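Chain lettering (A, B, C, D and E) follows the sequence in which the chains are written, and residue indices restart at 1 in each chain.
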C-alpha cells in the first residue's frame, strides 16, 4: 500500500450522503424504520449492528439496487430517487467480493473504465497505478481463482477505486478473512481512504473492527439507528443499554431505583449505589423502576480492603475469582456479594492479584451509566432469552 | 407347452383365439402366444430355443433355412404337407421341412380411393409415372430389395435371378416417394390421412383398415400380378417338447387353422383343401383359386442369396434420387 | 471430503457393484466390437472398406454430423431464453421445471408420434396455418431434414435448458450488481458477465446434444424422408432387419470414432472460449 | 435488476410452452373416435381407453414395467450410493476416472448397446429372464443415478460421518443413521429418475425380452409394427400420466434442484 | 451453564495423551514433522498456528481418522495405533459442528448413548442432565435448523460430553461465530472443562482466543511445534520471532549486532540500543548478524522530552503520529527516527497525547527480545514476501 498520486485526491466537498427519514419494507416486514443520517463528504462511516439489523439493506438503498418505501436519499444534495445505479457516483465492495471469475486481475480493474470508453493507453496506466496502490504489483495477469483471500480483497477494492467514485460502499468486506489478514487490511483500508478522501460507508458487525477503523460509527438494531458518534463517544457514553453492551465489555448490575433527585440511589446485588443523576441515559428513572447500572471493566479499580479512596468513588467488598493475563491486559473476575464483576488493568500494574483474595473494588460515581432494561427484541441480539 | 412367437398387434390375438384354443381343446396340449417386435431376430438370437414355433415372413423363412438354426421334420411327421403347394414349403439342404406356410397375403398397390382409382395402377409400371411425385411411399431398402425390386423386375420381364429390368421402374417409384415407411402403423397413418396416395403394400393391412372403417383404402393387383407373401412358421433348433411342437405345426398346416386365421386377419389359406366361407369370399371380392392365378411366386432362395448386394444397390438408388 | 483416510479392503467392496456393472458394460462393448472385424468366420475389414468406398454412405455420415451440429446450435439457442426465464422466476421455478422435465422423460416414441401428427402435410400445424391464411400450400415440415431437425431439437431442448440453468444458477450472487455499480447497463451486464459465465452450461449442452443427435435412431426413422438416413438408423436396420451384426458393429465403431473426434474439436473450442474460467 | 425484459420473458414463455406440445397432441389424439391417430380428433370417444384397460396384455406389460423399474431403481441407487460414498471419502483421486467410466455409456449409440447387451446376456444364459432386462437397465441408468447421488453426497459435510464414528458408530451404522437420511433428496431423485428411465427404455430392452416377459414400451413398439389404432395414443397418454405423477411426487418430496446442479465445482 | 453433578467429575489421572515423534506425510508433503507433545490429563491445551500448519491433522491423528506416517500416539499410556476411532476414549467437536440435521437436539445428544445400547430411561436422564449443563433447558425438541449459532455450539458440546469421554478434541469450534457469541462461549467452555476435568485439546488460529482459554498453548508452524507454554510464558517470553509476532502485537526493529558479551549493542533505525545479552532467544548473536529487536507495545512508555528516567531504560526521541482509542486501551503510533513504533496504554492514563507531539519513548532494557530473522516459509504465514 503506497502513496496515491496527487491527482486522485479529490475535493473534500464531494461525496456527502443525506439519508432523510428512509424506511424500507418487504411485504409486511419493515426492515428499516425512519432512518435519517447525514454522512459528510470524505468521512469514514461504519454501520455496526447485529445480523439482520438492516445494514446491507441501507447500503443497497444508497447504491440504488432497491428503492426506499418512504423517504429519500441525496448525494451531494441531489435527489437520487430516479437515478439508476450505474449513474450514481458510487463504488461498492461486496461481502463476497463479486469479482468476475472469467477476467484476470487487470481485466477486473479495467472493466469499469472500459464501460466508460476510456482509451486503452489510459486504462493501462490507471489500472497499473491502482494495482500498485493496493500492493498487487506483478499480479495483473493472474486469474481470480489463483489469488489468496487477501489479494482478492485488494482487487475488489482497486476495481471500485479506479473509477474514483466519490463514495465507496463496503459490505463487510473483511468478514471472510482470518484475524491476521483482517487486521492488516483494516489499516490498509483506512490509509487508502485518508489518501483518496473518498467517503467510505463501511458495514461490519464486528465492534472492534468498527472502533479501529472509523471516524464515526452508526450503531443499528432492528432497522433503527441506535446511536451515531465517534468510536470514543460510543464507547464512553452509550445512549442505551443495547449500545453499551454491543460496544466493548460491560459489567451490568440490575437494580431498582430507591431515590431520585440530585442523586440516584439504586439497590443492586452488590449493595446500594449512590450516583449523580446525570449518569442516567435515554430515560428518566422513577422510584421503583428496574434499571441496569453499567460499568466498563477498566473503570473498576482493585484496592486493599480498608484502603481510603477519593470521596467520589463508589466502593464494594469483593473476592477475586480469577485473573487472566491477555497480553498487555489482565482481566480480573471478581465476586461482589454474589454478583460477578470484571475489571481489567495493565498486566504490569503493581500489586499481586490472586484467586480467593479479599479486596475492595471501586469506581468513580460518574463513570457508571444507568439504563432501562433491554426490550425483548433487542435482547435477542445477545442470544439472551427475554 | 408350446410357445409360439409372433408379431404384436391384432394377429397375435387371432392366433391365440382361433388356432391355439381349438388345438388345445382337441389335443390337451397347452399353447401360448408371445409377442416379439422382430420374429426373425428372435430365431437368430442366441435364445431362440425358448420358443417352439415362430412366425416369420416367407422370405425370412427361406433365409433361415440356409442356416443351422431350425429344427427339421420329415414329411411323415407333418402329414398335412401333402395338401400344401410344394413351392411354399420351406425345406433345408437335407430336404427336411423347416418351415410351414400358414396363410398368405400378397403385395399389391394400395391406394386411397379419395385420391386415386384402380385404373391409375393397372400396371406396376404406373408407379414410375412422374404425376405421382411426392405422393407415393416406399418401404425401407431391406424390404424394397426383396419385394419391390423382385416384383418390378417380374413386371418388366425379369425374374428373381435377373432384376435388372425392374431397376428403372424402381427408380421412378423412389423418385415419386414422399418417404420410406418404417412400420405398418406408420404407413396406415399416412394412407389414412391422405398424405400418401398409393404405396406397394400388403393385402392383409388393407383388409384390416377396411374392417376398422377406413373404407377409402383399397388394393389393386396390377396386370402383372401380385407378389405372394406367405407367412411361415418355423421351429428353432433345441426347443423343448418336439413332439407337441410337431403336432402343433401339423395343425397349422391344416385347412381348419388356416381358414380360421385367414378369415380373422384378411389372409388366404395356403392349404389347397381349405374352404373359405362365402361371406368372407364376398368381402374379398374374388376366390382363392382366382387369386392363386394372379400370384407371382419368385424363387425366394435366389432372392435371399442376392439380398445383401441388392440392399446395397437400393440404398444407393435411394441416395441418388435425392440429388 | 479429501482427508487422506485409508480404506480397508472390506470397505473397497463398496465400489464392487458399480465396477461389476461397468465391467459388464465394457465386456459387452468389446464383444460387439470384435464382431466388426469378422466376416463369414474370418478376419475381414470388408465393412470398413464399404463405408470408405461408398459415396452414399459418406453422405449418411456427413448428413448425420451436419444435422447434429444444426440441432445442437438450435437447441441451445432456443433453450437459452427458457433457461433465463426459469433462472429469474425463483418462485415458480419448480413448476416451470416440471413443464421442462415431463416432456424430457416421456418415451421418445410417444413424443415423436406427436410430431408426426403435428407436422405432416395434413397435420395440425399446416391445417392451422392454412386456416389462419398464412400459407396456401402445406409447408414441407416432415420427411426431410426439417422434420429431423425439428424432432431432434425438440427432444433435446430440455437438456440444454437444464444445463444452462445450472450454469446461470452458479453465477455468484452479486456479480450483476457489481457490474451495475461499475457502470454497465442491463445489456452490457448480460453480454460481458452473464453470457460468458453461462458458457460452461452452453458447452455441456452442445456436447451432449450433439452426441445424442449423432446417435439418434427413432427420430430420423420416423421423421426423416426417403434419403434422410442417419448413422443410427442404419445401425438399427442392420441389427433389426438384415441381422448383419458385423456391419452394425463396424458402423458403431465409425460412429464412436466420429463422436470422439467431434468431441475433441468441441473441447478445443470450449477451452478457448472459457479461457480463465475454472 | 432481477427482472427480465418483457421481450425475453415472452420469448421464454412461448418456447417453454412448445415443449409439451407433441404430448398434448398425443393426448388429444387418444380421444379420437376413428381408427387411426389424428389431431384434432374428428369424433370423440373413450373406446381406446376401454380397449387399453380390457386387453390383458397391456395390464401385464404395465405391471412388469413397474416392478422392473422398481427393482432397477432400488439396486442402481444402492450401487451408486456405495460407489459415490467410497470415492468421495477414500479415493477422491480416482473419482474423475470413475465418473468418466460411469458416464461413458451415455456416449454409446443405443442401438449398438442393445446388440452388445444381448451378446453378453446370451453368454451368461439369462436372455428372456427378468435378470437380463434388469442388468441391462442397470447399465443404462448408472450415470443417471450416480449424478444426483454424487452431488448430494458431495454437499454433505464429511465431518458428519466422522462425528458419528467418534460417538461410537461403525461406518455402516453411520451411513445408515446419518448420511442416508441426509442425502434423502438426492437418493429420491435417483430412485425416481432411474425408475422413469427404466420404465420408458425400449431400444435396449427389446433385444432382451422373452416369452415370459415384456415391458410396456416394448409392447408399444411391438404393437406399432402391426397396428396403428389410437389405443396406442391412449396407452401413451397413460404412460405420460405415470411419468408426470412420478415427477410431481419427486418435486414434492425432494425438489427438483438436482436436475440443475453443476456436475463439478 | 450450571454446575455439573458430582458423578461426572472424573479421576484427574485419566485422559493423558502422549504424542511421540509423530510425523505425517501426504505423498511427498510432510505436514507434521516429528511432533512430540505430552498432554496431562484434565488440562486445557490449545493448538495455535496459522492456516495449514497442521493443527487439524494432529487432531485427526489423535482421533484416529488417519494414522501417523512415523511415531506413535498413546492415550493413558496405551498405544492407539490399532485402536479404531470408535473405540478411543475421545469426543470431538468439529469446526462446522457436524450436528445431525435430521435429529432434534435431544436426539443428537442421545445418539452416542443409543449406540452404546443404554436403556431409554437412562438416556433420558443423562440427556436432560447435559442439556441443563450447557444451558439449553427446554430446547430438547427443537430441530437443529431452529437454533442460533451459539445454541448449536452447545448442542455439539453436549453431544460429545454426554458420553463422558476422557478427552475432548475441539477443532476451531468457535471460528464460525461472531465476536459477541464467541467471547461468551469461550468462558462457557472453560467453565465446563474445569467442572468435568476432561482433557481438552482445542484448536484455533486466533491468538486472543488461545490466550483467554488455555492452560497451555502449543504454537505450531509448518508442521513443527514452535513453543509450548502457558499463555503468559508465550506472550512474555517467546522463543523465536515467529511466536513473538504470532502472539499479540509486537514492535520490530531490524538491526545489526555491533558488540556482544555481557551486553549486546545493536544498531537499529531508531538508534543503537544496548541490551543485556540474556534477552537474545533461540540463537547466539555474533557481531555483524542481522537480528530483530522486539518490543511489546505496552512496554513502551511515552514521556516528555528531557524527562529523566531510570537508568535501565532504553530511550529514543519520537513524534506522535496517531492515537486511537480502542475501548479501555489507547493505541499510540509513533515515529522514532523513521521507524514506526506502537505503544499502548490505558485510555485513562493522564497526560494528553496529540498528533505531531514531540516525545521521548522508553522501554526497560530487559523487556526487549532479540531474535534471528524469520525464514522464508514462516514469513509467508504473515503475508510477508520473503
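In this text, contacts are C-beta pairs under 8 Å (C-beta built on N, C-alpha and C of every residue); 3 or more make two chains touch, one makes a residue touch a chain.
Only a predicted model underlies this, so the values are computations on that prediction, with no experimental measurement involved.
Hopping across touching chains, the smallest step count from subunit A to subunit D is 2. For subunit A, the chain whose average C-alpha position is most distant is B. Compared with subunit E, the chain whose C-alpha mean position is the greatest distance off is B.
Here the chain pair with the top count of touching C-beta pairs is C-D.
For the pair subunit A and subunit B, the distance between C-alpha centroids works out to 91 Å. Chain centres here are Cα means. That of subunit D falls 54 Å from that of subunit E. Per-chain CA centroids place subunit A at a distance of 55 Å from subunit C.
Shared contact sites, meaning residues of subunit E that touch two or more other chains, fall at 65. Looking at subunit D, residues 1, 37-38, 119, 123, 221, 224, 232 sit in touch with two or more other chains. Along subunit B, residues 37-38, 41, 186, 189, 193 each make contact with two or more other chains. Applying the touch definition to all chain combinations yields A-C, A-E, B-C, B-D, C-D, C-E, D-E. For subunit B in complex with subunit D, the residues that touch the partner chain are 3, 5, 7-11, 32, 34-38, 41, 45-47, 50-51, 183-186, 188-189, 192-193, 209, 212-214.
Residue ranges of subunit D in contact with subunit C, taken from their complex: 1-5, 8-9, 11-13, 15-26, 29, 37-40, 76, 78-80, 82-83, 85-92, 98, 101-102, 104-117, 119-120, 123, 135, 138-139, 142, 146, 154, 158, 171, 193, 196-197, 200, 202-203, 217, 220-221, 224, 232-233, 236, 239-240, 243-244, 247-248, 251, 255-256, 259-263, 265. For subunit A in complex with subunit C, the touching residues are 63, 65, 84-86, 90-92, 94-96, 98-104, 111-112, 115-116, 143, 145, 159-160, 163. Chain contact summary for the complex, subunit B toward subunit C: residues 37-38, 40-41, 44, 138, 140-143, 174, 177-180, 182, 186, 189-190, 193-195, 307-308, 311-312, 315-316, 318-322.
Interface of subunit E with subunit A (complex): residues 50-51, 148, 150-151, 178-181, 183-184, 205-208, 211-212, 231-232, 235, 247-249, 296-298, 324-329, 344-348, 381-383.
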